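Both complexes shown next keep chain A, but they swap its partner, so chain B is in the first and chain C is in the second.
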Partner chain A sequence: MLKLERRPTPSQFWSRATPVLAVALTVVAGGIMFALLGKNPFEAIRTIFWDPLFGEFAWYLRGQLMVKAGPLILIAVGLSLGFRAGIWNIGAEGQYIMGAIAGAALGLAVFPTENRLIFPAMVMAGALGGWAWAMIPAILKTRFNTNEILVSLMLVYVAQTVLAMASTGFLRNPEGAGFPGSRNFSGYEAARNGFLWEGAGLHWGGVMALATVVAAYVLLQRHILGFQIKLSGQAPRAARYAGVKPDRLVVLCLGVAGALAGMAGLFEVSGPAGQISIDFNSGYGFTAIIVAFLGRLNPVGILFAGLLMALTYIGGEMAATNLGLPSAAIQAFQGMLLFFLLACDLLTNFRIRLAKREAH
Partner chain B sequence: MTAVELLRIEGVTKAYPGVVANSDVSFTIHEGEVHALLGENGAGKSTLVKMIYGLVKPDQGRMTWQGAPYAPAKPSAARASGVAMVFQHFSLFEALNVAENVALGMETPPPMRELAAKIRAVSEHYGLPLDPARMVGDLSAGERQRVEIIRCLLQSPKLLIMDEPTSVLTPQEVDILFRTLRQLKEAGTSILYISHKLEEIRALCDEATILRRGKVVGSCTPRDATAREMAEMMVGATITPPERRVGEKGPVALGVSDLSVASPIPFGTSLKSVSFTVAKGEVLGIAGVAGNGQDELLLALSGEIRTEGDRVRIHSQPVGDLGPVERRRAGLVAAPEERLGHAAAPNMSLTENAFLSGVVRQGLASSGFIDWGKTENFAKSIIETFDVRTPGTHVAARALSGGNLQKFVVGRELLQDPEVIVINQPTWGVDAAAAASIRQAILDRAAAGAAVVVISQDLDELLEISDSFAALNEGRLTRPRPVEGLTIDEIGLMMGGAHGMEVAHHVG
Partner chain C sequence: MFGGIDPSLLIASLMMASVPILLAALGELVVEKAGVLNLGVEGMMIMGAICGFITAVETGSPMLGFLGGAVGGAALSLLFAVLTQVMQANQVASGLALTLFGIGFSSLLGQSYVGIKPPHLGAVPFGPLADIPFFGKVLFGHDLFVYLSIAAVAAIWAFLKYARGGLILRAVGESHDAAHALGYKVVRIRVLAIAFGGAMAGLGGAYLSLIRVPQWVDGITAGAGWIALAIVVFASWRPWRALLGAWLFGGITVLQLNLQAAQAGIPVEYLSMSPYVITILVLVLMSSGRGKTALNAPACLGQNFHAAR
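And now, the complex of A and B:
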């Protein structure tokens, strides 16, 4: 019989090794799933993990990696701060949408003025939009003690409705012959989020993501605020004893996550997506939750997890088109990753022992 | 009385690392007897009944059940023998109804309708009104206790153990409970009744065994003894307060006036108009049985509960509306009773835990950035000064033994050059030598001019280190009195005083 035994101190080795183990188990389990679907598992895994980096179209796909990873990392770092403090913002997707709408609305309002300040102002507006959307669960939680998980999640669906309204109504391209969707920013120099380094897929969003990783790392390691965030998540009563004000932390963590998600939305809409459209959002806000946990809520870990997740996105798309795998199978594959990670997590704090059955 | 012996306990000993919970305990319970187990918190009552109920194995000694050796390996074995227990803290599911909760505690529950009928029958027979279909979440504390009692009664136990059953009950509910217990006794069931409420024991129990620091210090027939006699045995009549240093009092450093606080803790005790002052260099000892407002008093003093500003004053400055950080800046440090999770974060290293409360007074951060080098040095000096046994400062707090962590937590507060010190249970679970060094450290801080409030359930400790003495009872604090010249009789009255006043109040 297997028995779990609590470790006296969390294992350093396993806290680093579990992500690797989880990826390995996901490959095995995913391979079995692909085989059951009648595909060659080795080919499927190779298409997902190898081809985007070293395959025929790697010159293009490698750039896509950072394009996809950027928003994931940006959102996930923001979420991880809240998750560490025990504040569960599940609505980054909504904050991402509202940031994109707010930033895009500013850019479209001043069209076609050319001014170097327009793009930075749009980034600010994007951050503000995401922040404002996150303040709704924050204020409801601090004032009325509502559950931020439910409120933030439900607000995603509200945001999606607002997005539909925007692309068919108030932000629709007046020269678009009545088709839904806003003007495309690719043709508007002052508001365009172009590539800074095309080969690496780096635009301002990617730069922001990398800067956020560094800032969050310093915050958590060196700053008293980071300490308070960790303390509140681990021992809420000790946090109150240390003088942490829980409400302030709720507002702060939701606010930072919302602002970063909003910025990610703006970078996306003004860059790779190009315009506000009904289905502009592609689930980055939800995938970022997986990225945050896959990265062990650690900024550096999230950087790698974001890249890995982007890889499965790109590789998954390739597998879907080239091998005809259903996209649900790709999503299940990504889900397995989180599942195995959380399961392996146990090894950090517990060890598994073989125990003999008791005599009676 | 020539009653038949039900359970005999002989020479039972149980030691935990650092503390002997029970030492050579012997007593006997007869059939149809209500037997009281009396003692202060930490006297070893809980460990003893856990051994009878099969939750803990004794190191030495033996138990005899109806003449046969009795060594239950687990609670189900104890239940099979006929032992049932009502715990102080209920284990009920609020989202399930009464019958479902009862069924969950049974090995082989009968069909639900049959069970509901049984519950109704038992509840009527024993005068414990309870509807099996009601949700537990809607029940009062007293009604929840009835669910637990009925769960026990359905097993037709020969011995019913009740751990502090009246602590959550209203006076009316206590009356109902006592009627039931007397009825059970008439029917031949023995009851082991754990309490520290002396009047209750006098009203209900036939025999009493008194524990003190894990040892049986006496037994008596409660009806023939006075509450005061029992209190003396419980507390130990042999206390000889050490000679007091006669020092002149400095100016008042900590003032509390008319402090009333609703408890944030479920089943907690609200503070009712607490007033006292502590001068520089003075140690005020606050006694009282656990759950009479000690935790709440600490929270209100540390700043975790805020009140109006002038309710709490440090050096005559109002601080009642300030949080913990501002109060530390004003010179106050506090050490709560619960070490893991309150005074320290279990998974954080000792360095991080040193930072937790040391940041303000030790200047461990500048413009928000943490000086980890300085923090580690602070942690090291705590470890050295207070002889904390640990492999290093990187170790998680939960890896330390209770006593070592207590030394770390108390040391962390005392090393911050405080002007006002509030400590709840400074030596709880600490071995005798370490306890002595903690007490000495507290006295040293007082000699250096700090005002000290020590909240403790250990009367010996309080009498040893305090200059003045007060007792908390149901959230009320007695007027502090100088320890010098205080007799055990007077202490007993102070600890039980509010009860007496309450009764008089009802009558008058």
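And now, the complex of A and C:
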């Protein structure tokens, strides 16, 4: 009979090792799933994890890695601050959409002016859009004690309808012959988020993501605010005695997460996506939740987790075209990863002991 | 503005539209009464929707389909039970995992079922009663599950209020340590509650794919599971108020669809976002009212239980 014994302090070793173990278990379970779908599991796993990095088209796909990882990291770092403090913002997808709309609207409003300041202004507007959208659950939480999980999630659906309105209405390309979708930013030099380093797939979004990782690391390790965030997550009562104002923290964590998600949306719409369209959002806001946990809510961990998750996106697309693996399989695969991660966390907080059955 | 809408039809379709969220909300209500916060309702619902759909199409029997839906939802909820009750994982994160996985996995299962019509489940034959003007349509023109869902409200209310089992369940939700000290098996009771919640959410999902829509489309639940979670808060953990809440949201959904069809001059987008916006407004109203909702919440909601001894 196995018995769980709570560790006095979480194990440092297992805290590092669980993500690796979880990924390994997910690969095994995913292989079984692919086999059940009638695909060769070894070939599928190789296509997803190996070929994008070292295969025939690696020269192109390696660049794609940062393109996909950028927004994931940017959003996940923001979310991780809140998750650490016990503030559950799960509506990053909506903040991402609203950031993209706000930033794109500014760019399109001044079209076709050419000015160096346009792109930075768009980034600011994107951050502001995401921030404003995140302020709705934040203010409702602090003023009316409304559950931020439900409100932020509901706002994703609202944002999606706003996106539909934007692409068929107020942001529609006037020269687009009535088709939905905005003007394409690829033809608008001042507002375009082009590649800074083509081979590495690095655009301003990637740079921002890397800078955010560093900033968040410093915040959590060296700043009083980071300490307060960690403290209120682990011991809310102690935090209140230590003078931490919970309301301020809610506004701050949601605001930062919203602003980062909004920026990610703007970088995407002005770069890889190119335009506002009805199905512009691709679920980064939800996948970022997995990334945040896979990175153990640690900025550096999130950097690696984001790259790994980007790999499953790219590998999944390759497996879809080469092996006919349904794209939904990758979504299920990513969900599975979160399951294994949460399950493996047991090892961090508990010791598993062999215990003799006691007499009752 | 309401010119083209027949009120008896509106009420009848309101009752139909509210069934999925009512079933899911009732299940979640029992789970939360046991002190467990399962945010995976959306995922369990969508798994129920696809499992029910596949079973119904393959067997040709809608009733077996509903059974399949309940089994699908319960199976996924057991994953949550293992994670939170055995592995001591965070309940919020596990619930989210359930939803993310359920949406992906259901779309994987449903690949070859897009565009198929499921077998039809007709209205319960009430004979001449259904021909009564107005009331016939409102009260006696529904399929079995409309009546079953209302019966479930009564059953759960009675169970929680009068049955010994209900008392134990509430004790576990209010203070798991005290319940444990009294010798109740906290983990076992919670696992049973979670499985019940999963089965109810699965039934609700199956109702969506078999009767309400009725076909399989990716992401068929479109937030219904989250609205069910909001209804539990709205109901402040009381079954009859959950029925009220479900009818309110069913009414809004039906009304906005009717207004879209009637081209009432309100842009379609405003109408289709209205259920979500109104959910938020209702949540605000409920939670701001002198903290009464918070007082009614089970005291151990969302806390994991680990028996040290």
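Here is the rule we use: the second predicted complex is superposed on the first by the 359 of 360 C-alpha atoms of A that agree within 3 Å, B and C clash if a C-alpha of one lies under 4 Å from a C-alpha of the other, contacts with A are read in each partner's own complex, and residues count from 1 in each chain.
Simple rule for what comes next: a contact is a pair of C-beta atoms (placed from the backbone, for glycine too) under 8 Å apart; a residue touches a chain by one contact, two chains touch by 3 or more.
Small disclaimer: the values here were computed from a predicted structure and weren't measured.
In this superposed model built on chain A, chain B and chain C take up the same space, so to speak, and clash.
In the overlay built on the shared chain, the residue A:Pro10 is in contact with chain B alone; chain C does not reach it. Looking at the shared chain after the overlay, A:Phe304 reaches neither chain B nor chain C.
Using the contact criterion defined above for the overlaid structures, shared-chain residue A:Tyr217 touches neither chain B nor chain C, since it reaches no partner.
With both complexes placed on chain A, chain A has more residues touched by C than by the other of chain B and chain C.
Of the two partner chains, neither chain B nor chain C is touched by A:Phe49. Using the contact criterion defined above for the overlaid structures, shared-chain residue A:Gln234 touches chain B, although it does not reach chain C.
In the superposition on chain A, contact of A:Gln334 is made with chain C only, not with chain B.
Shared-chain residue A:Ala242: touches chain B; no touch with chain C.
Clashing C-alpha atoms with chain C appear in a single stretch of chain B, chosen from 93-101, 165-173 or 417-425: 93-101. The residues of chain A shared by its contacts with chain B and with chain C come to none at all. Of all residues in chain A, those touching chain B in their complex are 8-10, 222-225, 227, 230-231, 234-235, 237-238, 240-243, 245, 360. Contact residues of chain C toward chain A in the complex are 39, 79, 82-83, 87-90, 92-94, 96-97, 100-105, 107-108, 111, 218, 222-223, 226, 229-230, 233, 267, 269-270, 272-273, 276-277, 279-280, 283-284, 287-288, 291, 294, 306, 308. On the side of chain A, the complex with chain C involves touching residues 4, 6, 37, 88, 90, 136, 140, 143-147, 149-151, 153-155, 157-158, 161-162, 164-165, 286, 289-290, 293, 326, 328-336, 338-339, 342-343, 345-346, 349-350. On the side of chain B, the complex with chain A involves touching residues 73, 302-304, 323-326, 328, 334, 336, 338, 341-348, 352, 355-357, 359-360, 365, 368-370, 372, 395-396, 398-399.
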